[in-house]
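One structure is given below, represented as structure tokens, and several questions about it will come after.
Each chain carries a letter (A, B, C and D) given by its place in the written order, and its residues are counted from 1.
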Amino acid sequence: MSNRVVLAYSGGLDTSVAIPYLAKMTGGEVIAVSLDLGQGGEDMESVRQRALDCGAVESIVIDAKDEFANDYCLPTIKANGMYMKQYPLVSAISRPLIVKHLIKAAQEHGGTHVSHGCTGKGNDQVRFEVGFRALDPSLEIIAPARDYAWTRDKAIAFAEEINLPIEQSKKSPFSIDQNVWGRAVETGFLEDLWNPPTKDLYAYTEDPALGNAPDELIISFEGGKPVAIDGRPVTVLEAIEELNRRGGAQGVGRLDMVEDRLVGIKSREIYEAPGAMILIAAHEAMEDVTVERELGRYKRLIDARWSEEVYDGLWFGPLKRSLDAFIESTQEHVTGDIRIVLHAGRIVVNGRRSNHSLYDFNLATYDTGDTFDQTAAKGFVQLHGLSTQIANKRDREAQ
Amino acid sequence: MSNRVVLAYSGGLDTSVAIPYLAKMTGGEVIAVSLDLGQGGEDMESVRQRALDCGAVESIVIDAKDEFANDYCLPTIKANGMYMKQYPLVSAISRPLIVKHLIKAAQEHGGTHVSHGCTGKGNDQVRFEVGFRALDPSLEIIAPARDYAWTRDKAIAFAEEINLPIEQSKKSPFSIDQNVWGRAVETGFLEDLWNPPTKDLYAYTEDPALGNAPDELIISFEGGKPVAIDGRPVTVLEAIEELNRRGGAQGVGRLDMVEDRLVGIKSREIYEAPGAMILIAAHEAMEDVTVERELGRYKRLIDARWSEEVYDGLWFGPLKRSLDAFIESTQEHVTGDIRIVLHAGRIVVNGRRSNHSLYDFNLATYDTGDTFDQTAAKGFVQLHGLSTQIANKRDREAQ
Amino acid sequence: MSNRVVLAYSGGLDTSVAIPYLAKMTGGEVIAVSLDLGQGGEDMESVRQRALDCGAVESIVIDAKDEFANDYCLPTIKANGMYMKQYPLVSAISRPLIVKHLIKAAQEHGGTHVSHGCTGKGNDQVRFEVGFRALDPSLEIIAPARDYAWTRDKAIAFAEEINLPIEQSKKSPFSIDQNVWGRAVETGFLEDLWNPPTKDLYAYTEDPALGNAPDELIISFEGGKPVAIDGRPVTVLEAIEELNRRGGAQGVGRLDMVEDRLVGIKSREIYEAPGAMILIAAHEAMEDVTVERELGRYKRLIDARWSEEVYDGLWFGPLKRSLDAFIESTQEHVTGDIRIVLHAGRIVVNGRRSNHSLYDFNLATYDTGDTFDQTAAKGFVQLHGLSTQIANKRDREAQ
Amino acid sequence: MSNRVVLAYSGGLDTSVAIPYLAKMTGGEVIAVSLDLGQGGEDMESVRQRALDCGAVESIVIDAKDEFANDYCLPTIKANGMYMKQYPLVSAISRPLIVKHLIKAAQEHGGTHVSHGCTGKGNDQVRFEVGFRALDPSLEIIAPARDYAWTRDKAIAFAEEINLPIEQSKKSPFSIDQNVWGRAVETGFLEDLWNPPTKDLYAYTEDPALGNAPDELIISFEGGKPVAIDGRPVTVLEAIEELNRRGGAQGVGRLDMVEDRLVGIKSREIYEAPGAMILIAAHEAMEDVTVERELGRYKRLIDARWSEEVYDGLWFGPLKRSLDAFIESTQEHVTGDIRIVLHAGRIVVNGRRSNHSLYDFNLATYDTGDTFDQTAAKGFVQLHGLSTQIANKRDREAQ
């Protein structure tokens, strides 16, 4: 069987040059697979054609926007997915979907290898390769940037050598990954942690200090899923897109963090994810009203672990699936409306209503209608603290 | 021995009237104890005198501001103490300190009872009483508002009946608790969760939309403790006060949440805590740079549990002490500077530097100087994902 | 509506006398409900008749053995349910089932009250009452032993006073609760923690030192459920009963522990649960072979929490249900055979086989056929330890 | 600088042949370092001499038995260290101590490399190498069995080729690691998980079915440390040795398990660790009496995580140190006596006494002297279950 390499193709210089390079290294053919995840920029048809121009024998473009929103972003909303309490897993949740489509293409087109353009010091190599081996360990993996120490300079030299029909744009100072769920930026000067981000880093968000008038909106959830904005029904994809637009206009969703990579190092990252952050803030507020205390406390631990598993490239791992089962079971009543004001970079929840609410006005009120039995409290407090009381007594006496 | 009731005295109507009331109910004497925790408002000497005017046999005023900052707020900073990821434990950390001083007063002045003004449906009764019993279970506890169904109306009637020399101000619509670490507000119209907060609720913070120029500042930490602002050495108390001022001017630190009370109900709460939120945000950013990944991940669980224990009134519990031991052991290297911009309600970290940093430029950079050994990654990824690979293979074959 | 009290009726002296007593205290009628949970002893028809003789207007007996095994013991097997790593929740899982049938009886027979015989210092009052309020908060709860300080002596006096037709057996020194899942014993002389248990405490197990020949058996699981013993298909109930018999003959399943009660005190407890302990040991061994490492590690935390929730009387709580969802999702492949030797008090697993195994001979062997790629290990070890390496370097340099 | 390889030397064939082999591969000299960890067998002087005979330029023997007991076994006792709830970390805790002495030898004798004999599919390579890099990343690491695919056959051939003065014993069918804390055995026929262990596998324990008379003993703890047996003061080392002897005679401490290795595979392992298992059982029983409920519950999670960190080779990791701080803080009052009966493979705790006990007879008793306030329970139960009650009501109404 001749070699056929299925490549995760972005349309950029690196993966374009990788097409003839992989063909040369394997003595085989290359199939390019590109996903539209709402990353914007170039139209996907141009991307498709460029792969062919670079020598791919097949170039497959997949509109995966709704699939991404429903099967990857929505679970992240339900899990309030934030790595290190901050990062909404922008790249982390896109890789398993790309993996899925690469494996499908390999199985349909007789692929023998799968390939990605990631380096050996990032997280995405892990997400790709753990996914590849989970879904089809018979495919061989090639990561030219890592395994052949393939660099941009080498790529450009190789492109010139073989007269590859692509423009050699001046090296952008930014390394960017983006999709409808958010945008990640790395760049050299930010590697000094003391340097603040500059305005040219941002594309999804306006300057929060612009002074736009506040934007008030109502997000409706059913079973943890955003189903309407301001009363208009939306798909998950539409919800993200609309909130990217409205949140972006208010400068909402910027993030500047030092992140613990799975490979053991810390790195500085800039993210923009207005829709993701608004949806997760609203979802958490909806849960605060509809999820019982002990379940809520435990779910926060589960959410954190879910985020770590996904960050660490274990989307297809058995633990992730069981965490999903836990999370899904908590969402049945996460239903109702959250009112939010977006303004000058802030996401402010200021109202919530739900037919599934656990808030009981009559138990909570200090006014007329109070049904809370205060006489129960005395005994409750006494036994709630009893083991602490006994322990403190022992500590005093044992000294 | 005759009865002597040591009362946590705030100076307000309820606890003022409680003085003669407790004397009557117990047939004994009342000692009022008031702490200055930076709550502002009235001067403490007036508070002290009022208790005497109401019939207290002793009225003790304690300036506990620095003790509160050093022994209660600082551990909260180190624990990034946020209940339900949001609430910086404003009232929760003040109660154990009040307890400590009440017990001390009782032991010095022959107290037989301790008393507080809390109702039976809130958290503070728990914090008071668990604390009392932990430190001195021989003291009897009286909670008139709960145990005698003592209400404001009854208090006013009783005050008139005995000609108590206090003004009967019109009932404020707000129920407020405040100290230097923050301010909590409850009020009737917010018991409808759909109602947004109104401007008159706030006292520690300006309207974030005011349009003040951004305020950039540098907070320096040593071993997890804030020690300087903009290069000027500060005590913890001074740090909180300055950041309350500067953060408040920017509308930073407002919170509108639905909270899970320990007694089993949900309640709507408004908080303002500019200093607390700025310090915790800065501290977390400092940890992100100086705490190793696995320790950081685990510490987030410990922090959450610490916050729940403190919220639940278990400050004096054995688990809280062991969580403290864990947390303290993580702080040795949480040292360095965090640069923050405060603006229009936002707290934005945009720079960090530290001689204790775990960020290694040479490992992180994609530019010249890269020392990361990418060849190690291939094997790492393979074994990191091996158990997932085997499990997925089994799942396919077992179907 | 006249009062009708639905009483959890055991047939013993205390709940027998409670029938006329509750009738007197409420001025109403009493309905006795008794469950056969495999506790053995008296036949259930005698129990039923005695309630009527004592004045109950209805006496309902329910054979709930299979329901108990399938809906309460089986989830405990799947959760490896052991409170404090030791106690297989013998009483804790029976109470919610009794609650369920009491509520059903109350709803069918116009009950206005529900009642149980527990004291105020144990766990069972919590399990009963939290269950009652979860399933039907409209029913009033009466706990005579606690609320009326009803004691055995008072019960006997009252029985004599009203000429109740029951024998007043000499007070047994033991307080016993038993069902097919196990047996719990408390008794006065064990309240001195230094006293060892005596032989007369035990009823489900022989003396382990008896010297019976070893008993080897094979337990087969499908999806976490025991389905056969030594190749003979069994129901869950049959599995427990057979293993009680065979384990009991070997002295397997005794437990002597100091337990942390929910009400805040420690107590000494003796348990016997041969079937429960054998099934959980076998189930854990089956999981060790069929559950992936990270899932297994996390499931152990979930199992511990599940056991605490159930112990704490929160069987009907939302967290318990979501923990169940997690656990259920882990059991799909817990299928195969476990070989066990029972002997002289020991449960020894010495063989396991499964078509769903994750054990891969070719990856594990050091002999011919080894397929493990050892070259991957070098890089794995390097990056696995990188953050530790960096942290230790920082620690040395920062000193 | 010339190459000097510091080798972890066991005295066996593999590491003996590794001496000339490493010299040849590096063109340098080899320093052998051997630790006496109580593994028994050959006297250490013979081991020392053999390394010299094989060409080592230095051969260092260290009696590390007490250091091992005090600094590695004792923390394991305090942590109730059991990986997967079963394995007392026999090899896992010895590797960091060997690492420490190898690094010390390297720094004192001008070492440039460190070396161990582990393969690439086990855990010990990880424990060695993470330790080496944590303590001195400037040393280069050589693992001949893994990196040069060095096998026993190659070793024997090389030994013959260079006329190495060692006997080529027939290949033992067992792969063994042992020290005073326990003994680990792997062997080919156990790689079929269905095969039971055979009697010749065991060396630390007699057959439990032998029929020796029971052995009753009292272990005394101070602050979590075993300090006396049957009233005779002992060092930690002496405690382990005595309990190995007495437990071994009763067949106590055998373990047959399927274990999740860090490198991603499952393996079958046989262990014997009578002293370890007795001490941990006694320590847990001592904690059950002296550690408060919530602390005990949380410590069980901490203990499990500690065991995983140590198993995973992260002894020198920052998280391990903070877990130690937590654990240490819990041990202050773990003081008192535990009575144990060893018999026929069983470890049975049947008595405990302590001046630091949290067990309060007067709170626990149902007899005269009861001081428990049962009236507190009613309110406690009500509020303990309130959030569950509200959630169930919502669930019914929302359907």
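One rule holds in what follows: contacts are C-beta pairs under 8 Å (C-beta built on N, C-alpha and C of every residue); 3 or more make two chains touch, one makes a residue touch a chain.
Remember, it's a predicted structure, so these values are computed and weren't measured experimentally.
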Suppose you hop from chain B to any chain it touches, then on again the same way; how many hops at least until you reach chain D? 1
If you tally the C-beta contacts for A-B and for B-C, which one comes out higher? A-B
Averaging over Cα atoms per chain, report the distance between chain A and chain B in Å. 32
Measuring centre to centre with CA averages, how many angstrom lie between chain B and chain C? 40
Give the residues of chain C that touch two or more other chains, as numbers and ranges in rising order. 260, 263-265, 292-295, 314, 317-318, 357-358, 360, 363, 375-378, 380, 382-385, 387-391
Chain D-touching residues of chain B, taken from the complex the two chains share: 260, 263-265, 291-292, 294-295, 298-299, 305, 309, 314, 317-319, 321-326, 328-330, 383-387, 389-390
Inside the complex, what are the residues of chain B that reach chain A? 84-85, 119-121, 125-126, 129-130, 133-135, 137, 143, 146-147, 149, 175, 186, 188, 191-197, 208-209, 211, 214, 254, 256-260, 262-268, 284-285, 288-289, 293, 296-297, 300-301, 304, 308, 312-314, 316-318, 339, 343-346, 348-353, 357-361, 363-367, 372, 374-378, 380-382, 384-385, 387-389, 391-393
Okay, in this complex, where on chain D does chain A touch? 292-295, 333, 335, 355-358, 360, 363, 373, 375-380, 382-384, 387-388, 390-391, 394-395, 398
